[in-house]
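Chain lettering (A, B, C and D) follows the sequence in which the chains are written, and residue indices restart at 1 in each chain.
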Amino acid sequence: MAQHNFTPTHYHTAIGTHESVLSLADGDTVSTTTVDAGGHDASGEQVTEGGNPQTGPFYIQGAEPGDSISITFDHLMPNRDNGYTSSKVAANVLDPGHRTGFDNDRVVWGIDFDAHTATPIELRSRDATPNVRSISPDSPLGKLTLPLNPHPGCFGVAPPRGQAISTSTSSTHGGNMDYKRFNQGVTVHFPVFVEGALFHVGDGHALQGDGEIVGTGIEISFNITFTAHLHKGKTIRWPRAENDTHILTVGNARPLDQCVQHATSEMIRWLTTDFGLDEQTAHVLLGEAVEYDMGNMFDPAYTMVCKVSKDILKQLGVM
Amino acid sequence: MAQHNFTPTHYHTAIGTHESVLSLADGDTVSTTTVDAGGHDASGEQVTEGGNPQTGPFYIQGAEPGDSISITFDHLMPNRDNGYTSSKVAANVLDPGHRTGFDNDRVVWGIDFDAHTATPIELRSRDATPNVRSISPDSPLGKLTLPLNPHPGCFGVAPPRGQAISTSTSSTHGGNMDYKRFNQGVTVHFPVFVEGALFHVGDGHALQGDGEIVGTGIEISFNITFTAHLHKGKTIRWPRAENDTHILTVGNARPLDQCVQHATSEMIRWLTTDFGLDEQTAHVLLGEAVEYDMGNMFDPAYTMVCKVSKDILKQLGVM
Amino acid sequence: MAQHNFTPTHYHTAIGTHESVLSLADGDTVSTTTVDAGGHDASGEQVTEGGNPQTGPFYIQGAEPGDSISITFDHLMPNRDNGYTSSKVAANVLDPGHRTGFDNDRVVWGIDFDAHTATPIELRSRDATPNVRSISPDSPLGKLTLPLNPHPGCFGVAPPRGQAISTSTSSTHGGNMDYKRFNQGVTVHFPVFVEGALFHVGDGHALQGDGEIVGTGIEISFNITFTAHLHKGKTIRWPRAENDTHILTVGNARPLDQCVQHATSEMIRWLTTDFGLDEQTAHVLLGEAVEYDMGNMFDPAYTMVCKVSKDILKQLGVM
Amino acid sequence: MAQHNFTPTHYHTAIGTHESVLSLADGDTVSTTTVDAGGHDASGEQVTEGGNPQTGPFYIQGAEPGDSISITFDHLMPNRDNGYTSSKVAANVLDPGHRTGFDNDRVVWGIDFDAHTATPIELRSRDATPNVRSISPDSPLGKLTLPLNPHPGCFGVAPPRGQAISTSTSSTHGGNMDYKRFNQGVTVHFPVFVEGALFHVGDGHALQGDGEIVGTGIEISFNITFTAHLHKGKTIRWPRAENDTHILTVGNARPLDQCVQHATSEMIRWLTTDFGLDEQTAHVLLGEAVEYDMGNMFDPAYTMVCKVSKDILKQLGVM
């Protein structure tokens, strides 16, 4: 259970069977950094092409197709004092033909590490030479101060069939799920499709609303520490996760309906197989106690999350 | 601002321009009852045909197309000690071809009014002469005790164009939205499409999971007290609501994506028109702070809810 | 098998359990007229409110829930020399955010009854006082001469549960399906939900592209002759049809995927029940020989049609 | 304009930036073979892993991102006398919960090259040791004789961002579109995302119904001759095609609605840019004359095709 420090020198904008940068034993911990969605590092310098560039991949020793691995996010924190968002809700999230009367300026947010918040400070146009306007702290936009909730928007393992899948999208291998509760303390499980699993991580968000509906969280570079575990012979179909309060399953697809179908079916498999509930009890439990969250409704594949409270599982005597 | 007591003698399984049962002035309060989704009253007797039968409609004096009305649920409580759910997650919520190996028995839940909880007590087969099995309190299913959260699954106003729309579905007029946070204390606003608005209400749920994915909450008869208000000249397109913590907008359609489009567009109209935010600020706010809840993913039209925290609106100085 | 002539005096913009205008015995034929989608008659005068106003309903003697009825369109022909279309593809048919740079003018088309064609002759703006421009016959738009294919866009029977459903949409009862092959010679079958079935018809199109993607065919008033038949005890779930070359089933829903699910499931029921194919043969036949057409992708409910060639059914010895 | 003969020695089940097998100049023609979806060659021997293995990729000299290439299918013909299909319509094409009562046997079809037809001759169970039953030529299934319509189900070019995309799905780069009118004589255009474009082809179908709804056409190995052209500086977003009667655009996504959005938007770009129609004329033309076909409704991404008749373009004087 070694502790590794890893400084990335290159990044990937597709998640695939790339050469690994570090080999991890079961239980090893890694402290590393990620650049922001546009490829900018802690100093704000662009060090790689944009598009959710990933740090890694990390090779998990012993991982083979049919196994699963888990990643626990021990520490997640922006490593610079500003990030950015888009300012316009994506057309696919609004009524077809809904009209907006402003430009999709970039919003620069200042990070207050003491208060653990972020606030819009500047609007930058998308022109080649951006028109920059500072945001008055007395304007409604300038008063919008939101609590930090650092989470990586995109992470996952190499997909099957020799595929390399763009970090703009997601599937059974994880990818660009943009789910705000994949934050510090969560443990996320992935199916293993290739030898070593090959874990990638990037696209840090200082915080994000449900659905990532402007197409960004607050995009920012991260310091990140994670611990990897191998679950030998434990086969799963979709990402699963666990935090302090819930167990969670993830579906990545379009439309949102299909995400829900994947996540709910995976939850039933989990409840019946690992928690030993009979099938009918699992269904009744979900019917009256399931919760759903939206990851993103922006990427080529959307993300929905199915959740069950740990308190209920404890009440039933299966956790 | 009169207080009416109304005892229903008949019910409707379509929401439409039916003869009203009571005429309400702006601010009037009504105490009445609703039968359960199957048409059973407080004594458990079936008094009308099933299918979410509605109490009402209630005529709101002065309401005309182009206005909106609001209903505040002052008091919502089951009026008998047992309700029922289905036991099988609907096929449209699971992966196509997902197989289940049990029958869709009806589950009878006992209501504990002191503890404010519900617990499964009995399984009944769907046979003409049901096979009834009691559920052991020591089984996982028997241990599933959930807090009551009484809410009417289906309520709304007469739709436009002389339509009468089945209480199995929903649209701009409300209807079968099955949203668990339309509970006691909430105020829900509806567009007015016909003179008098014609408010209907029924389909009480003792509690429900997100999505109503087995096709039922705990179906039960209710005592209900609500207050009606008229908002003259206030035009809205989709139901809006307000509770202690959030403002909410509702989209009813298929697939879930379209629900989100309707709800989000309505929220932007609300934020810019009533709260006076400029359009860009409204979009940025939603991008990083919006929340989405699922009403149902079972009915012909699904329901998604878009929410913004009141704390944020207060922070911005617009509430 | 009487021949009726019926002159409508009023129209309906919702399909429901309205008072019938004529009672038909099995095999009776009716010659009548329909106004255009905007409520204009053969003289171009607006005689009723717009929104696909329907002629009827016609009562089919002996029809009861669980039966089906069929309507054969013996004769369909515009009864004036001009119709109109919108000019802009609907936003829901284009990529979210796709921009267009022109106004949705109304296009007036001239009908040439000798050539059996229609041609754009005039553009009219949507202003209160329309700006009218004639279209040069030498322009590309003026050269667009298309063959007439008269068909009613909206027709169907009263829906169940006391519903009245807007003529802007469609469901199991038919309605606004906007399918160009429901033209002269076709026989369309409907489930019966109320006593007398109550057949409505309107929304004539001189011709239309697949999907009715500008939201209109060439909207025009019609002379129409149809023959009604009762199929006692023949239960169907969705509209079915038959023309010279194919048998057809219809699904009305959103998204298009769900339309296909309904239409294909109905076709399997038809092939196995009425044509006596074993289930596996029906599936294999569909897998390699099914055809799909799009009705509309504009209305609240879209329409897809599943087709099987009669030649194949004859080859198999089941027709 | 050389004529190449190429004998493949290996295949790919993801379309990506693999090492090319042959370099083609603009106008060169290649005669080669493809194995069937399961990796079986002309002799029926399995020579590579299944999953729509692709022959190629072929490097088109001079092709760079921003260009497009076109492939004309000069000759497409099965090179053995039998192929196979599944026998069960996919669950996602049927109503959720639709029940079937038979096993998804494999159907072996015999090819009659003289009659240019295919006929089911054998059912094989999916067991490890398949149960094989011959199909009586007197049974309905045995009488199902369909005309050959050879077409490759899956073909396309390397996608952008270093991706390698499974041959089970499709996107802007083409892929598993399963469209029956991509048959002999068609010319298909693709965007170029990587140097050399890297054209792959495989998954031959002797014939197929719309939608590939059992998940297969008649899967068979092919002799194939195609001609490649480079269109320098001609940027397109989605595959386009041309056959004797129509110009066609392709959208690959889920749900079907989104496929239609992509294909229709691409058609508008084509009509306005290459054919010089003003935008309003393009929309009016599509509104009343567009046709849509379904490629597949089985793969992770579905396929819809938007078509405009060449006769109409000629009539307008733009072709």
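Going forward, a residue touches a chain if its C-beta (ideal position, glycine included) is under 8 Å from a C-beta of that chain, and two chains touch if they have at least 3 such contacts.
As the structure is a computational prediction, the values presented were derived from the model and not from experiment.
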item: Labels of chains that are neighbours to subunit B and to subunit D; value: A, C
item: Centroid spacing, where centroids are CA-atom means, of subunit A and subunit B in whole angstrom; value: 32
item: Distance between the centres, which are taken as Cα means, of subunit C and subunit B, whole angstrom; value: 35
item: Intercentroid distance (Cα basis), subunit C paired with subunit A, Å; value: 47
item: Per-residue overlap in subunit B, given as positions that touch at least 2 other chains; value: 92, 94, 96, 254-255
item: Category of the chain touch graph - line, ring, star, complete, other; value: complete
item: Sites on subunit B touched by subunit C in the complex; value: 12-14, 16, 51, 160-166, 168, 253-255, 258, 300
item: Of subunit C, residues touching subunit A in the complex; value: 90-92, 94, 96-97, 255
item: In the complex with subunit C, residue positions of subunit D that touch it; value: 85-89, 92-96, 98, 100-102, 105, 107, 120, 139-141, 143-146, 207-214, 216-218, 254-257, 260-262, 264-265, 268, 277-281, 283-292, 294, 297, 302, 312, 315-318
